[in-house]
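The letters A, B and C name the chains in turn, as written, and every chain counts its residues from 1.
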Amino acid sequence: MDTYLSTETEIPWRRAVLSVDQFSRSDIAELFMLADTLAAMPQKPLAGRTLANLFYEASTRTSSSFFAAMTRLGGTVIPINEVHYSSVSKGETLEDTVRTLECYTDAIVLRHYDNDAAERAVRVCEVPIINAGNGTGEHPTQALLDLYTIAKERRTIDGLTVTMMGDLKHGRTVHSLTKLLRMYDARLRFVSPPELRMPAEYLRDGDEQYDDLDAVIEDSDVLYVTRVQRERMQGGDKAPAFDFDYALTRDDMDRARDDMVLMHPLPRVGEIPTELDSDPRSAYFRQMKYGLYVRMGILAAVLGSI
Amino acid sequence: MDTYLSTETEIPWRRAVLSVDQFSRSDIAELFMLADTLAAMPQKPLAGRTLANLFYEASTRTSSSFFAAMTRLGGTVIPINEVHYSSVSKGETLEDTVRTLECYTDAIVLRHYDNDAAERAVRVCEVPIINAGNGTGEHPTQALLDLYTIAKERRTIDGLTVTMMGDLKHGRTVHSLTKLLRMYDARLRFVSPPELRMPAEYLRDGDEQYDDLDAVIEDSDVLYVTRVQRERMQGGDKAPAFDFDYALTRDDMDRARDDMVLMHPLPRVGEIPTELDSDPRSAYFRQMKYGLYVRMGILAAVLGSI
Amino acid sequence: MDTYLSTETEIPWRRAVLSVDQFSRSDIAELFMLADTLAAMPQKPLAGRTLANLFYEASTRTSSSFFAAMTRLGGTVIPINEVHYSSVSKGETLEDTVRTLECYTDAIVLRHYDNDAAERAVRVCEVPIINAGNGTGEHPTQALLDLYTIAKERRTIDGLTVTMMGDLKHGRTVHSLTKLLRMYDARLRFVSPPELRMPAEYLRDGDEQYDDLDAVIEDSDVLYVTRVQRERMQGGDKAPAFDFDYALTRDDMDRARDDMVLMHPLPRVGEIPTELDSDPRSAYFRQMKYGLYVRMGILAAVLGSI
């Protein structure tokens, strides 16, 4: 644990959502109940409130999700996707940009390529910051929506066997989800090529590591597949092609349990072929919908707390 | 007719607006009445509804028009103009992007550089898709607004002589409008250089083709001018300069009927000099306004049908 | 004064905000009272109205400020930041783009790289145009918010000593603010390197020019610092480094009056070190907030006048 992580746990999540480390089991239960409520609610509790969607790295999926979450609650979004064109090119720091935006808005969703960006933003500004991805660091709302998906699809988290497969070394998604699952009585299994193993800091006694899915597909309650993060690997696009060796097959699904939940944070690039989309166990598009509700919960909680 | 066109006619236009081929005369009458009604209506029938404006090719005009149409009806728009920055560069397919967006939105306006994009989108998603231009294919809402403009300016379509001038080979606008006019008792005349003639598939017995405007300006009820689509021609910017030879003049207008309607889908690059803008017969900016109403009608029809 | 400036003063500011030259003292008093009122008002006087944010040059700060101002008043904004991708590349003129947008919107905020852009837009369109920066010309709403900041921080403008420091040659901000302050009984002092002096056309008898801040820091009521506009200087990024010589220090602040107001239009690139941010006299982030209120006032005035 570096200073960054130890510091951020001291900030309450309703003040700024920086890391999954800020959340206890009871925080999560509270957030998920709020998400359930908002998903079914016709009122507009955030009418008149404004959110800045400040994306230094573009992400249609995440920015659209927050955009839709805010507007479904009656609020307004200022989309700032083109940061590279603007003041930044005149040399403005992240801190000054954030302090400017807090004059116009009630909260800021921030995606940035620097790992310390979200915490730097929190230090200088008074409106809530929601970390939507800081470099190779965290993407806490993704991990929370993943957990919410499991909870909604299986009605429980305790007692489940969760298998994560793919690039476990670079995927911030699986790192954060692993942290969250540690708070529950879940059995974790990791499937990856030896070169892309889950880093030691996330491992615990009792975790099982595998080179392929064969040994574990049959009794997994959840199978969480991720793509190879080529853009974060040394060598970039020229990095060796591990991914397609880990493409899921119809045969794998035939061996899996009838109530298994198949998840993927998307985008996918071949790990799950489209022919599996119609399988009722394929939950990755429902996962997007659950993400909308979790982000509605986060926005409502964070904006209600000012 | 290729498979694409024959398939799409089987999809009702209230489910997805893909092609002018989906519209009968009575569909059009219904849509135009709806547009008339909405243009004058203070209510907000789409309050609480969300539209994704998914533009793989940028188009200020079309995206702004849908944006304004949706917000005038009380709805919200998620603008996604920067597709090339985002998940797509991580290798995401159009199908996955569309399935993600349908989790957040009630309808999707799609402009894409591939001719089969709109139909691919419809196959995988349940919310209505509105085709806002698919490569060299169709741009059905443009053709519908062109027709609506004629109907509003002349109170009828039957019995009119409609002259189209310019690049009739590459212009998807004139192709689609031609298809629509075939449903009415309109006389069509085509003016273009021999190299840019209307393709044979759009021609019918009785159509007249001309090299210049002289012979037809005097008894045209509608003159529809288009620019040379240089970006779609072989040779691109180096393609021969046909366009300015077809620039309309004050002299042409002097010979034209007092109640002629001069139209252009815009942008123009010299085909109609600005000195003609103040001529009351110049309808191309009113055409933009009519376009707003037609798109309001389409959104209301499509979103009301879920 | 060139033709451009003399022409625009004939246009009432409620029809189009082009230049500070359009504003009298009583216009300003009226606008500032309106800003005060709107800042405290819960109603949404612009509900149902639509603004186009047409930015040919990107500016997160200015576009976000207008976006937030419009939405706080209940209106909707169509953000058009990507002008370079769209119709413009098909050769469309500013005039045609503006005439198209007026079909969809109730007002247009325009930032453009050409000095005559705002006035060209006004000539062809009927909805109000708000100039948000035209090349090296004006940025009137910035100057008005600067003046409003002084008025709010000091309760008066008459009688104050206002010192401007930095690049006084290229900064359109200090030029326009200087013009506004001429309408009040304010004493002006200019601090810059000899190469970056305030142009003669903005100088009056009684103005004092200095090479450094030492002689004037002690009795300044307002210190307005600007950055070197490298992007507007001959030689661009290779232009000599004047700026850091003019960085303000803690020592300067120790010598300044207790009620001095320290302003900067932002972005800054070192002229004011962040260690001074916590000084209560540092008003540059409050200046952003005041800017929101002034722009709310301008939008309400301009849109109310149709």
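Operating definition for what follows: contacts are C-beta pairs under 8 Å (C-beta built on N, C-alpha and C of every residue); 3 or more make two chains touch, one makes a residue touch a chain.
Keep in mind that what you see is a predicted model, and the values were worked out from it rather than measured.
A.B. asks: Looking at chain A with chain B, do both copies bring the same residues to the contact (over half shared) or different ones?
C.D. replies: Under half of the interface numbering overlaps between copies: different.
A.B. asks: Please state the rotation angle, between 0 and 180 degrees and to the nearest 5, that superposes the Cα atoms of chain B on chain C.
C.D. replies: Answer in degrees: 120, to the nearest 5.
A.B. asks: Between chain A and chain B, what is the separation of their C-alpha centroids in Å?
C.D. replies: 40
A.B. asks: Would you please write down the residue numbers of chain B that are in contact with two or more other chains?
C.D. replies: Within chain B, residues 79, 82 contact more than one other chain.
A.B. asks: In their shared complex, at which residues does chain C touch chain B?
C.D. replies: Touching chain B: residues 48, 50, 52, 76, 78-80, 82-83, 85-88, 90-92, 95-97, 99-101, 103-105 of chain C.
A.B. asks: Under the definition above, what is the set of chain A residues touching chain B in their complex?
C.D. replies: Interface residues on the chain A side: 58-61, 64-65, 67-68, 71-72, 79, 81-82, 227, 231, 266-269, 274, 285, 288-289, 291-292.
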